[in-house]
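See the structures that follow.
Next come two complexes built around chain A: one with chain B, the other with chain C.
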Partner chain A sequence: MSQLVSSITREWRFMLRQKYILVLLLCTLIVTSFSIFSGIKEVSQQHQTIERLKQADLKDRSEAQAKYDDVGSLAYYSFHLSYSAPSNLAFAALGERDVYPWKHRIRMLALEGQIYESDAQNAELAQAGKIDFVFIISALSPLIIILLFHDLFANERNSGRHDLLVSTSISSFSLWGARSIVRFLALYFCLMLPFYIGATISSVSVTMVVAISAIVLVYMLLWTLLSIWWAQKQNTAPRIASSLIGIWVLFAFIIPILGDLAINHSVHSPKGGDIVLTQREAVNDGWDLPKETTLKAFVETHPQYKDNLQFKNTWAWNWYYAFQQVGDQTAAELSQAYRDASQRKYELAGWPRQMPSPLLSMNNKSATFTKRFGCFITPSCLETSSLKNRL
Partner chain B sequence: MSVASSGTSPLSMSVILSVTKDEWRYWMRSKLALSVLVIGVLLTLGSVIVTSIQMIELNHQRQSLQNNAEDTFVDQPDRHPHRMVHYGHYAFRLPSPLSMLDPGVDAYTGNSIFLEGHRQNSAMFAEQRQGTALTKLGSLSPSFIVQMLAPLLLVLIGYSTVSRERESQTLSFILGQGTSVGSLLMGKALALFFIVSLIMAPLIVSSVFALYQGESIAIVISFLLGYMLYLIVWALVILAISSVFSKNSESFTSLIFLWVLLCIALPRIASTTAATIAPTPGKLETDFAVIAELRKLGDGHNANDPAFDKLKASLLKQYNVDSIDQLPINFRGAVARNSEAELTQVLNQFAEKSMTKELEQTLLARHFGWLSPMVAIRSLSMINAGTSIETHHRFLRETEALRFDFVQALNTVHVEQLDYQIDINRSNDEASSKKARVSAENWQVLKDFKFEIDSPSTRLSRSTSSYLQLLIWIVFLSLIIKTIGRRLQ
Partner chain C sequence: MTNSSTQTVLNAQSLTLKINQQTILNKLTFSVQKGEIYALLGGNGAGKSSTLKTFLGFNKPTDGKVEVLGQSLDNSLALLRSKMAYLPESATLYPHLSARENIHYFLSLASIKKSDAEVNDAFKRVALQESAWERHMQTYSKGMRQKTAIALALLRQAPIFLLDEPTSGLDPIAIDEFNLLVRELANSGASILMVTHDVYGACQVADRIGLLRSGELVGEFSAPTNGRIDTEQVHTAFAQKESA
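On to the complex of A and B.
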């Protein structure tokens, strides 16, 4: 035991003398801290935005309700806010919130024409991608591990000390093992310390922190063992690192890109434009169709309203809402197929993401965007139907 | 050649070329360098082909959707003109010729927009949202391959270009033979430059194709020159680092570290910083501000809204009559036209404000080009290709102009061709409703829409600062190499 401690302290002191390792670790610490800091800032901005939206929505709605007193106009001028608040862990995994909208506001008619509109962030920034903790762990940490471990043996071999070191040390573990442990722990510390601070600030549950620590540990161990194993087999450090980086490029770019091509090729999806075109034509036809046809189609899906559909004039709110609803029903199948295809692609893409690849996606709870379109439609639809009951 | 006194001997072309040739001979013998080179050229070529096919398909698809939308609009039967205002129209963004080399934000912004009365909709159906989310780290676009992977390939090939000579102690031998440090470094640089040219070859070929598709020659040259400068920056980085370190492994580790920092970390740090420092209010928040402003204007569907009293008074005065019924024009149409104009003014004011904010945010991120050449080439490439955020803003502005034009043209039809009495009685019964219609010939007011990107000169002037960033990198690195060269002697 004391031997292990002494080898570890020796290797610790040895590491402190190696400038490039210190620079590497310091950069890692800085970049990780930056990602945690900006993640927390982003999440708090999103919370604030949601608060502001809730207040503005309330104000707007009460103004609309004060202005109109007939149910039809009330429904027409009232909007419904829907949002998906970031979870506690979102600071570490911003997920796809820069690509998918996480807030939406719609009117209770012609839903299909509204739900695909987006309130997304700056497209040019989204294209560059964001740096969050998940990105650092999944994409950057393997590269840092490669840089730290590829020359474990080669360096000593190169400087002619390898054989001497091997013959004088008590066991190969006390030499290479202690050195690896020291480097590994130093890196783990640089990556996880900022996360722990962020997790404390964001009051993430202890179980979650432990689970994430374990996942990160396993993921890093995989790359470390791969690097060490490969380092033993080859001679020169650059050759070892080149092939390791080749593996990284394979997992980070080649497999995902090919997977993307294959999935996009195999999953057929209706074009988004067709949904809104179908819906527009159906709604538009609604104006000219005999009212009985529209009402019949509406009552088929909403039998509970069959007694509320009498009117005298050529224009009436209940008929107006009915044909808007029928328009949505016409496009519903296409729309569903579009969302299903989207979901299917995402699920199919799951397997390359679950490999020890740089696209590692933590676990479901930290993946801040789960159900994509689904979560926006449901709450609004609920509100819509509750309003329809008043008609 | 002059007597061997390294450093003082002039740069000799034949010596430089022989250094270059030696370097190439070394690479051809080394399995690693050769396979990396082959992989690099194949990757670039593959991505050029795949992306070109995709973008050509997209072009056809959107063009036909656009024609379709126009045909559908003008084929509508006789109707009340305001029905057509709400029937609306679609506009599609056609990809630019160079987008087959750099698709830029195309997949991240919606590419179709629904245009209707009283509203400015946002673009719908961003491709990225219908994707697998697998391409978050990188896509198969040639721009990505050259910006991100080509530097890595260059590093893998060239990391030992000078450090090798130092490690095996052949450097003093070479210098002793009469080769000056300057010629040696120039020769090595030239060797790296040939690799750069090899990587550029597929880009050049497909740029010619873009030229054939109507892209201006100045833009194509500027686009290629940008990439050339970018790869030269990396060749110089490699030369500098390789000369600083006396060990191959040190040179290698430092170069890989720089690559991770400049190509992977900094571009993302740039966008995160911009988003954090200069957050933009989303569309929803802007919408609330717009609504508050619009509430003051009155509802254009309701001609009795007191907000239109002033319009009423001025029209009565203009036509010298006492009541709305006596007006020779349709007052409801006049209200619709008037309120659309006022509303559009407010909408545009807010839209311009949020576009300015978004642009400021983007420019902030682009400043990171001083720190990372990858950020510089990324902006330069997108701006030149016409796939940057500015092009999307242009699309939004042009579609808004199209929207306002056809809506107001329809409102004018409403004012001039539909009798007021017939109009207000349209909801009495089926017959009156049928009477309150105008001829379908009026739908010809819709103008053909073909989205065209900014003029070459605009794009060129936008990319000046990115050019400056790359040039400063080159000057800075050349100075460093010169200093190191002096130390090498």
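On to the complex of A and C.
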């Protein structure tokens, strides 16, 4: 044990004298800190936005309730805030919250026409994506590991020190093992320290922190062992680095992109625009159709309202909402197909998403998002709302 | 050889080494006794460095055997390596460290602790100028790097020294000093196997010389009691064999 401590101490001191490693570790620490800082800032802004919207929503609704006393007008002029609040861990994995809407202000009609709106505030930023902690771990950390370990042996061989080092060292582990452990731990520290600070600020549970630490540890170990194993096999540092980077490109880009293409090719999904168009056409047609036709279609799916659909005037809110709902019903099949396709894509992406695939994970997250977001605004949810009951 | 004991320290028996189907060493047989300075002499590609690396366990013999202190390397490589101080041909230590830092780092690898005073003594023994001790080695000449590596080998206090072209890069005065140092080590019981292509240098210092050509031992010369190996005789044999 004392021998291990002695070897680790020696290699730690040795590493502190290697400027290029220190610069690399410092850059890693800065980039990781930036990702955590920007994540916390973004999450904080989202929380503030939600709080602001909740206040505004309450005010709007109070105003509408004060202004209109009939249920139809009240429903028409009232908006309902729908949002997905960031979790405690969102600072580390912002995902597609900058691309897909996480807040919606909806009216209780033409729902299918409102779901597929996007509130991306900066299209260019959304395209580039966020440099969040997950991106750094999944995409950048393998590169940093490759940079740290590719020349572990080759540098010593090319400098003519390898044989002297090996013949002098009391064991292979005392030299290469200790050197690798020190570099690995230093990198792990630079990657995880900002995360631990962020997790403390965001009140993430200890269990979750331990789980994430373990996942990152295993992931980094895999890349480290691969890099060391390959570095032992080859002689020259450029050859080792280029082949390892090739493997990284394969896992980080080629497999995810091909996987994404294959999944999109095999699972056919209607476009959100098609659903909106179908719904809008059905609603527009509703104005021209005889009221009986609309009401019949509505009662088929909502028999509980059959006694509430008698009216004398040419204009009635009941009829208006009914043909809006029938519009949604017309698009329901497409909408369901969209959800089923998203779910299918999510399931198909099961095994490749275990890989370091930031691009493929977008697909998964979007499916998850649609699934989660959908529950806020599907008609079945609204059916339980108090406004619906007042109709 | 000044030591009268005949304990075999390094032993190669019908040592054959093939790398990528190419024969590097062919049935090489020789031994080094305790307190002896043995020089393996040969031209480029004769297999000199490969022989050293085989004793260090970097090359695995295709056939035959090598023994260090009567033991096979297969059994206790780490232990036997700790008994051998190796001086590579181009002793490039870490350029971003000073000579002293390099020495402490390498000694730490071998789990050897030496005080600064002991390191200073070693530097003085190899005639490394004091002003250079704390300087980064990137400013060193080849000779100074060689001296630092020799100091490291001395500080390891190993019973066996494997020296690969040890005087390469040294000036004539430093070579004389080095030869005296090697003789001193042998007199204190250390065994030295050095490989070189310097006929004159080998004759100056060695107790025995093995002439190596294309991986085969083609001649062996011993120094007479209290005398040196005849340079002329070795040079003639070396030149004949090289031109053959």
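Keep this in mind: the second predicted complex is superposed on the first by the 360 of 391 C-alpha atoms of A that agree within 3 Å, B and C clash if a C-alpha of one lies under 4 Å from a C-alpha of the other, contacts with A are read in each partner's own complex, and residues count from 1 in each chain.
In this text, contacts are C-beta pairs under 8 Å (C-beta built on N, C-alpha and C of every residue); 3 or more make two chains touch, one makes a residue touch a chain.
None of the values given here were measured: they were computed from a predicted structure.
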**Asked** Is this a clash or a fit when chain B and chain C both end up on chain A?
**Response** fit
**Message:** By the touch definition at the top of the document, which applies to A:345: first (chain B), second (chain C), both, or neither?
**Reply:** first
**Request:** Name the contact category of A:257: first (chain B only), second (chain C only), both, or neither.
**Result:** first
**Message:** Contacts for A:3 in the overlay, against chain B (first) and chain C (second): which applies, first, second, both or neither?
**Reply:** second
**Asked** Taking the superposition as given, does A:18 touch the first partner, chain B, the second, chain C, both, or neither?
**Response** second
**Request:** Could you say whether A:328 touches chain B, chain C, both of them, or neither, answering first, second, both or neither?
**Result:** neither
**Request:** Classify the contacts of A:112 with the two partner chains as first (chain B alone), second (chain C alone), both, or neither.
**Result:** neither
**Request:** Mind working out whether A:38 is in touch with chain B, chain C, both or neither, as first, second, both or neither?
**Result:** first
**Prompt:** Any idea whether chain B or chain C touches more of chain A?
**Reply:** B
**Complete:** Min C-alpha distance, chain B to chain C, superposed, in Å, is 12
**Asked** Touching chain B and also chain C: which chain A residues?
**Response** none
**Request:** Going by the contact rule at the top, pick out the chain A residues touching chain C in the complex.
**Result:** 3, 6, 10, 14, 17-19, 159-161, 163-171, 174-175
**Request:** In the complex, go through chain A and note every residue touching chain B.
**Result:** 20, 23-24, 27, 31, 34-35, 38, 41-42, 45, 49, 52-53, 56-57, 60, 63, 96, 98-100, 103-105, 113, 116-132, 135, 139-140, 143-144, 146-147, 151, 154-155, 158, 236-239, 241-242, 245, 249, 252-253, 256-257, 259-261, 263-264, 269, 271-273, 276-277, 280, 284, 287, 313-315, 338, 341-342, 345-346, 348-349, 352-353, 358-359, 372
**Asked** Residues of chain C touching chain A in their complex?
**Response** 53, 56, 58, 78, 81-82, 84, 86, 88-94, 96-97, 101, 105-106, 108-111, 149, 152, 156
**Prompt:** What residues on chain B touch chain A, complex-wise?
**Reply:** 32, 36, 50, 65, 83, 87-88, 90, 104-105, 107-110, 112, 114, 121-126, 128-140, 149, 152, 156, 159-160, 247-250, 252-254, 256-257, 260-261, 264-265, 267-276, 279-285, 287-288, 291-292, 295, 358, 361-362, 365, 378, 382, 388-389, 392, 426-430, 432-433
